[in-house]
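Labels A, B and C are assigned to the chains in the order they are written; within every chain, residues are numbered from 1.
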Amino acid sequence: MKEFLEFFSFADANIRYVTIGSVLLASSSAVVGCFTLLRKRALVGDAVAHSVLPGVCLAFIVSGTKNPLILLFGAFVTGWLSLILIDYITSRSRIKEDTAIGLVLSVFFGIGILLLTSIQHSGNAAQSGLDKFLFGKAASLVGEDLIVFGAVAVLLLITTILFYKELKLLCFDVTFAKSIGFPVRSLELLLTTLTVFAVVVGIQAVGVVLMAAMLITPAAAARFWTERLGVMLALAAVIGAFSGISGAFVSYTAPAMPTGPWIVLIVSMVAILSFAFAPKRGWVARMLRRRHNKIQILEENLLKLFYQLGEQHEDYFSNRTLDNILTRRNIPKTQALNGLSKLKRQGYIQRHPDGWALTREGEIRGKRVVRLHRLWELYLTQYLQLASDHVHEDAETIEHIITPELEQKLMEELNYPALDPHHTKIP
Amino acid sequence: MILHVDNPVVEVHDLTVSYDRKPVLWGVDLTLPAGSLVGVIGPNGAGKSTLIKAIMDLLPASSGYVRIFDEPIKQVRNRISYVPQRESVDWDFPASVFDVVLMGRYGNLGLFNRPRKADKDAAMQALEKVGMQSFANRQISQLSGGQQQRVFLARALAQNADIYFMDEPFAGVDIATETAIIELLRTMRAQGKTVIVVHHDLQSAGEYFDWTVLLNMRLVASGPTEQVLTQELLEQTYGGKLTVLSKVGDLLRKQEFPTRERKS
Amino acid sequence: MVGDAISHAVLPGIVIAFLFTGSRDSIPMIIGAGLLGVLTTFLIEFFHRYARVQADASIGITFTWLFAIGIILISVFAGQVDLDQDCVLYGEIAYVPLDLWLTENGLSFGPQTIWTLGFVTILIIAFITFGYKELFLTAFDPGYAAVIGISTTLWYYLLMTAVSLTTVASFESVGAILVVAFLVGPPATAYLLTDNFKTMLVLSVIIGIIASIVGYYLAYWLDGSIAGAIATVTGLQFALAFLFSPTHGQLFKRKRTIAV
């Protein structure tokens, strides 16, 4: 707890820098990642991340210094080259895209490792620290490095906002974008450049292997919470920033811990929780909806039974016992009783000493279900030529789902019918 | 106009097939006579491929059942053959024509057994039937569209099944191939095989098939071709979508409703 | 790409197996990694099908997540685990001869890794020989395979198990990422050189062997990582095939169009 307070007071300048640094890195790559995800090129980021390594090593060999700008430039060049190679190989030969990605990624990385180990063995004293590109070290982001990478991250965010509209269209509908005269080629190039930049910068925080996660995972998680791109970008940035802070915190409390993997672990947990619990799209929400459907089906079935009993003698509001209700349809007794008490609470039926009776509202709702059932049966026989002995099952489901607008439309198409295919009256 | 036959080879009972909960085929009831050439016809997106895939149990049905030779499909797998759409596979795959045709024998071979001399002979004979014997060692990437289709057909022939499902075998092939294929199908019919063909060309349908199935999200008609290909039934098949039907389908998907209520 | 994902994601399996047995015994490690490999394949499917995450994203998320867990496990138990982060990434094949398999009475059977790799190689060859026709068919036309009663899912999972096996066996020597170069490189090169599946199988083995030998000398010359050098050579081979393959090479394609 003490550490927690210490960390979040940001009293220590070092902590401040590290936190700002990781937040910027994580959120800028998350924002760019949204576009690569929507372009269905999520794994491209992975390829760029691995391909950056030889560039860094070459820049170091040529220049002999660890100036961040020079290293960044080297990284940028090979990262870019890898993407161009992937496109070239896929378009010019029968190699498929995923094979090309895997190949370019691993070969570039191999070259990088070869160069890196060769530098390490050469005994050059200045080389130490180059390998932080492999695993990332958010905690060691200080001074000059931080300023350079921070600036790039801010630049990325600004560019994304400036070209928001264009990028959005590019991700949504390329053909349309082309047809209205958008410079699609240049936009693709822009997105590629942004991706490479995001990767080059983000690698500082999490390293080569896990970089893909910084691009994809926040975006995929954000996608589950919203249907709007603007909100998605903001959310992804927040998720990225959150994991950035957490990573910085972990590396503060336990310096021996690798920061990058923790950032990724946290971001993955956020994503998995989103898959599970996001409203609407989440797995739990979908389960709940199914449960709710089941309850609705049960209730409406019960009301329908009341109504059908009433139909026999044109007497809708008399008392019915449980056995009475369940003669036409086999619902387990406990389930039926549950449903009945719920209906009572909602005011659709009333409890009497010797059973239950429909209220006025219950009668209306029951009647509607029966009507929809028979309407759908009629629709199936008339429009789908189904045999009248096959339509009942279908109608059992559809009766619960038809909206008032659809009901109106059905009535029109069927010409306001009076009888269903079994010659029973449609109420 | 849905005609049912006695002792059908294929019996489809109240079959509904959904993608992602949205039904694309509603309540199909269908019987097909043995030893006939059946055309499945309808507009794009009518569910033609879906129907034959569901019959072969490649797609799960949300309701209904299928019987072939009066047995569940799992019992009669080795009597069924399938010619998929040509575009469904990667023709850059490193394989020769003969390799592909030999695949037709795999089903009967069982695990771990390698193809024997008899299997190779059967494959070669199948190639001869489609007039491709001289291409046996050719790589499949070097074939024309029509030749690819013939290779697929040869593979099905090598299997020596009793019932054949073919998905658009005439799509994108040259006239010579089309005539050759239809000749072959007629020979197969003469040998008592049943061939079910997904087809989209109305012009040739009347001439090719002796039984026709009209489909558009639901079964419109099924019967002898000359009785089915009428102005009225064709209008029903091609004339506009059933908006209510597709709206209800959308609702089922969005609400995650079960297509059928579970019997409780 | 699933192969790539598996090669990264088996890491926690290896570490856990390591923690349980406390030794670098190969059998538990292979079991651990094999299980994780299958789990990865399953998770990717699960996220994609049930949570409806788009396919490429679900691959990316799964493997980075598992890899992160693996690295964290390594750091947490750094004292007990004789694996380090660098080794995980790019392995060190040069140490292989040092890890000898000694029996209790001091008899030496040579390097342990050689035995493991040999065993896995035999296993893989057996798998491909016996499952050849099923693998061939399910790779080419899964729909047809299903109709004639060959389970596509089963063979897919078997294949992925084989991939995990290979990965874990090569792990110590070349690390998680460079395994991908060996998995993808030689077959891709062979694919550009031949149209015959069997030739492709044999050719990719030969290409792999050449890459290893040339790579070794390259590494010796540059005094760098052997695995990295082999991957570099693999890339070179591919580039050569891509440019000069008699059937699919870029140069010949151009000439051919000119000739026409």
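The definition used in the following text is that contacts are C-beta pairs under 8 Å (C-beta built on N, C-alpha and C of every residue); 3 or more make two chains touch, one makes a residue touch a chain.
Heads up on the chains, UniProt names are A = Metal ABC transporter permease; B = Metal ABC transporter ATP-binding protein.
As the structure is a prediction and not an experimental result, all values here were calculated from the model.
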| item | value |
| --- | --- |
| Middle chain, criterion being Cα centroid separation | A |
| Identity of the chain that, by mean CA position, is farthest from chain A | B |
| Distance from the mean Cα position of chain C to that of chain A, given in whole angstrom | 30 |
| Chain centre separation in whole Å, for chain C relative to chain B (CA means) | 39 |
| Centre distance in Å when chain A and chain B are each reduced to the mean of their C-alpha atoms | 37 |
| Contacts with two or more other chains, residues of chain B listed in rising order | 141 |
| Numbers and ranges of chain C residues touching at least 2 other chains | 191 |
| Residues within chain A bordering two or more other chains | 94 |
| Residues on chain C engaged by chain B in the complex (per definition of touch) | 130-134, 136-137, 139-141, 143-144, 146-150, 191, 194-197, 199-200 |
| Contacting residues of chain B [partner chain A, same complex] | 2, 14, 16, 26-27, 29, 63, 92, 141, 218-221, 242-245, 247-248, 251-252, 255-261, 264 |
| Residue ranges of chain B touching chain C (in the complex, touch as defined) | 53, 56, 58, 77-78, 80-82, 84, 88-90, 93-96, 99-100, 103, 106-107, 109, 111-112, 114-115, 139-142, 155, 159, 165 |
| Residues on chain A engaged by chain C in the complex (per definition of touch) | 37, 40-43, 45-46, 50, 89, 92-95, 98-99, 101-103, 105-118, 121-122, 131, 134-135, 208-210, 212-213, 215-217, 219-220, 256-258, 260-262, 264-265, 268, 271-272, 275-276, 281, 283 |
| Sites on chain C touched by chain A in the complex | 1, 3-4, 8, 47, 50-54, 56-61, 64-65, 67-69, 71-72, 75-76, 78, 85-86, 89-90, 176-181, 183-185, 188, 191-192, 218-219, 222-225, 227-232, 234-235, 238, 242, 248, 250 |
